[in-house]
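Let me begin by handing over the structure; questions about it come next.
We call the chains A, B and C, going by the order they appear; numbering starts again at 1 in every chain.
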Amino acid sequence: MANYKPLIPTLVIYTILIAIGALVPGMWQPVMFVLFYVAIGQALNIFLGFTGYVNFGYVALLGVGAYGMGVALKYYTYLGVGAIVLGVILAVFFALLLSLAVGGVALRLRGAYFAIATIGVNEGLKHLIEGARIWGGSHGIILSGTLRKAFGSEFANYLSTFVADVFLIAIVVISGIVTIYILNNRIGYALLALREDEDAAKVMGINVTKYKLIAFIISSVIAALIGASAWTLKMTYVFPSDVFAIGYTVEAIVIVMLGGAGTLLGPLIGGIIYGVLKYYLSVILPGLQLLILAPLLIVIVVLFPEGIIGYVKKKLRYTSVFEYVM
Amino acid sequence: MVLLKLEGVTKRFGGLVAVDHVDLEVERGEALGIVGPNGSGKTTLYNLISGVYIPDEGKIYFEGKDITDLPAHERASLGIARTFQIPRPFGSATVRENVAIGAMFGRAKAGVEEAMEIADEYIKLVGIYELRDKEARLLTPLEKKLMELARALAMKPKLLLLDELLAGMNPKDIGRIIELIRRVKEEENIAVVSMVEHLMHAITKFAERVIVMHQGKKLIEGETREVLNHPKVVEVYLGKRVV
Amino acid sequence: MIAEQLAANLLYGAILGGVYGLATMGLSLIFGVLRIVNVGHGAFIMIGAFTAYWMFILYSIAPVVSIPIALVIGLALGFVIFYSVIKRLVDAPELSTLLATFAIGLLIEEAAKVAWGSDYVGYSWDIGSLSLPFTTIPLTKILAFVSSVVIAAVVYLWFQKTKLGAAVRAVVEDRDGAMVCGINVNRIFALSFSLGIGLTVLSGVLVTLFVPVGINVYMGGEYTLKAFVIAVLGGLASPWGAFYAGFIFGLLENGSYTLLGLIPGVEPFGLTRFVSFAMLLIILLIKPSGLLGGE
């Protein structure tokens, strides 16, 4: 019964995107920009889409991942390339810490309580870092000088372009594969059941807290790796007001809901649409981003909750193409 | 062999005592009926047995093991399955997927492939095989009830709690379903407890033993015909001879 | 010295708690009747705060008078939001209402930013103060406290003594049962939602009576978190529990400032969110259904 066919259009789209970026002059940056949004959408989807729970503090996972890498590169540069490996480990470690702390307490409860518990998380962490002046406090971590000194200009540049980008691409592909793996296995069915009717799921033998936590941890770890690569490695700085900004949470939510929550292709399509629109329109409307996103989210939630892929699935239900859309 | 044992089980909601010091025993493979009007505590009793509620007082034993504080999902693994009076399908999943979920996470703990096969078996058994790929939310109420039954059976339970399963069915279907349950019960040695409010004929055809609930307490229990004709029961049900 | 400071902090905490309690009642009312968690709660408090500010700065209207003005604004806002968005989501899955109320709050904040900028503003309304042995309290704060208690009492009486209030309580208990009794449940939803928003906006005025500075379009977020901690503490569906819980929260919050201030090098105000959040986690850990009321 396992259906991995939807992986085909998915991988095809990934390939097309990368090809456009590599082959068409000047398109590499826009493509990476779009892939960032696909990535944060895919990571959030593993939790929001599969459990139906909202993590309003989502950006905090991106942020702690960014700090993980930032701390490693700033304070452990003497490890050389090992510092990057340490950065990955720290990013994952921080994500595990945060998701277990929040999830361990709040996921035992109903969706609304969990959503409430996550609301202040990103702000709270930001204030903690700034208030207690950890890791540079509100001045953040600036890496460009450190990296150049440690690795030489050329390699430092290589790190924040090629390596950061390849890292992000790898995350996109891997999270897509993780998504379809979940959809086809027991964990996916457990999540579907608890999403539809948590009490009925319990009576069927599903340990709902365990599965919610697993989805939350996977989503969080991937998000942290995105922060570590697309932010820290790429931009060579980490500012608390940037990496804990709620805007990213809202964007990710819109991407998941627009594309289709709980599907494989959903966040990919949502990320592409949103990324493209943002890239070409942000010149016209700087700073108004949230003002546009907010009503957009309302419209999607009220009129169009199943998202684009959800709608497409409905239309293609009895056709032969249906197997390729998930 | 005693499968399920309740000792002095009590559940209160605010000032209301929904279940009042109830003692109950279910033997392996037996067919037990629980009868009582709405508000007599039947549903709460089911919720206590399946783990949706934890009792305020008393103990619950399953196969000799104390499960009083055990969460619902672990009771399912031990072999307790139930249906709901108003079916609770996983709407966006197909019938087959719904039933397979029962097989995956019930006592059987099957893998996805195996679960789908088990699901097909039970879907055929209850007679909705042609609906197997239909989204569960699109089913008629009767079809949903049958799917609930298949889903509960796919969990390979030792104890099956049926909640008003037959309410709203026509006599032909009732007869067919009772036959079906009886057959599965024999084949798989499942103890089946069936809860009804007023389908007395069905209960007499099905249950060897019956417990009558009234205002949270166990009013009387015994062999089906005797109990249903007992003056106390007749009084509680407004004086109508039922058998 | 410490004892005096602590006593002063506790008094302030209790007074502030009254305001917090009223601010949370709207949240609990909306959840109790509609089973919807208004994630955008703080944005409405911000609207109330700005109402007090603009009325005072532009028209020299005393903040106390802004209270009914804010109530009317809140009722109107709640009415519009209910009929345009909330009504369609009454039976939707929880995720939808969480996202929708979140987006509504966000929209209000961003629209306010466009209209009023993102600067911090404040006003000062000095009507004297009350001298106590261990501290001096501005009368504005006492006014805020008294207003909260009076308004909460009025709301309570309305629920207990009027027919409409009884209808709302019926819907909270049993939606279908109320419908069968002939209560127009949809109208009750609209009324309760509007009233909930009205109370919330109104409490924004009271908040500024207590803290007349630091008013800005993003101030709501902090209050959303506090309101939720209070609501969970008092039982998410119980407006009365929320009021009492507000006191406890006010006391704890102010008490923690004193204690945190004792740690050298730590800026207590920067850590307030962290403290609120820590409290929330602890409460959720111990008793998720609230320590005072029930759900």
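For the reader, a short list of remarks on this structure follows.
Basically, a residue touches a chain if its C-beta (ideal position, glycine included) is under 8 Å from a C-beta of that chain, and two chains touch if they have at least 3 such contacts.
None of the values given here were measured: they were computed from a predicted structure.
Placing every chain at the mean of its C-alpha atoms, the farthest one from chain C is found to be B.
The largest tally of C-beta contacts between two chains is found for A-C. Rounded to whole angstrom, the centroid-to-centroid distance between chain B and chain C, based on C-alpha atoms, equals 46 Å. Mean C-alpha position of chain A lies 33 Å from that of chain C. The touching residues of chain A, when paired with chain C in their complex, are 48, 52-54, 56, 102, 105-106, 108-113, 115-117, 119-121, 123-124, 127-128, 130-132, 250, 253, 257, 261, 288, 290-291, 293-295, 297-298, 301-302, 305.
Taken together, the chain C residues at the contact with chain A in this complex read 37, 39, 85, 88-89, 92-96, 98-100, 102-104, 106-107, 109-111, 113-114, 221, 224-225, 228, 232, 236, 266-267, 270-274, 276-277, 280-281, 284-285, 288. Within the complex, the chain B residues that touch chain A are 50-52, 71-74, 76-77, 81-82, 84, 88, 90-93, 97, 100-102, 104-107, 109, 111-113, 116, 151, 155.
Contact residues of chain A toward chain B in the complex are 1-2, 184-186, 189-190, 192-193, 196-197, 199-208.
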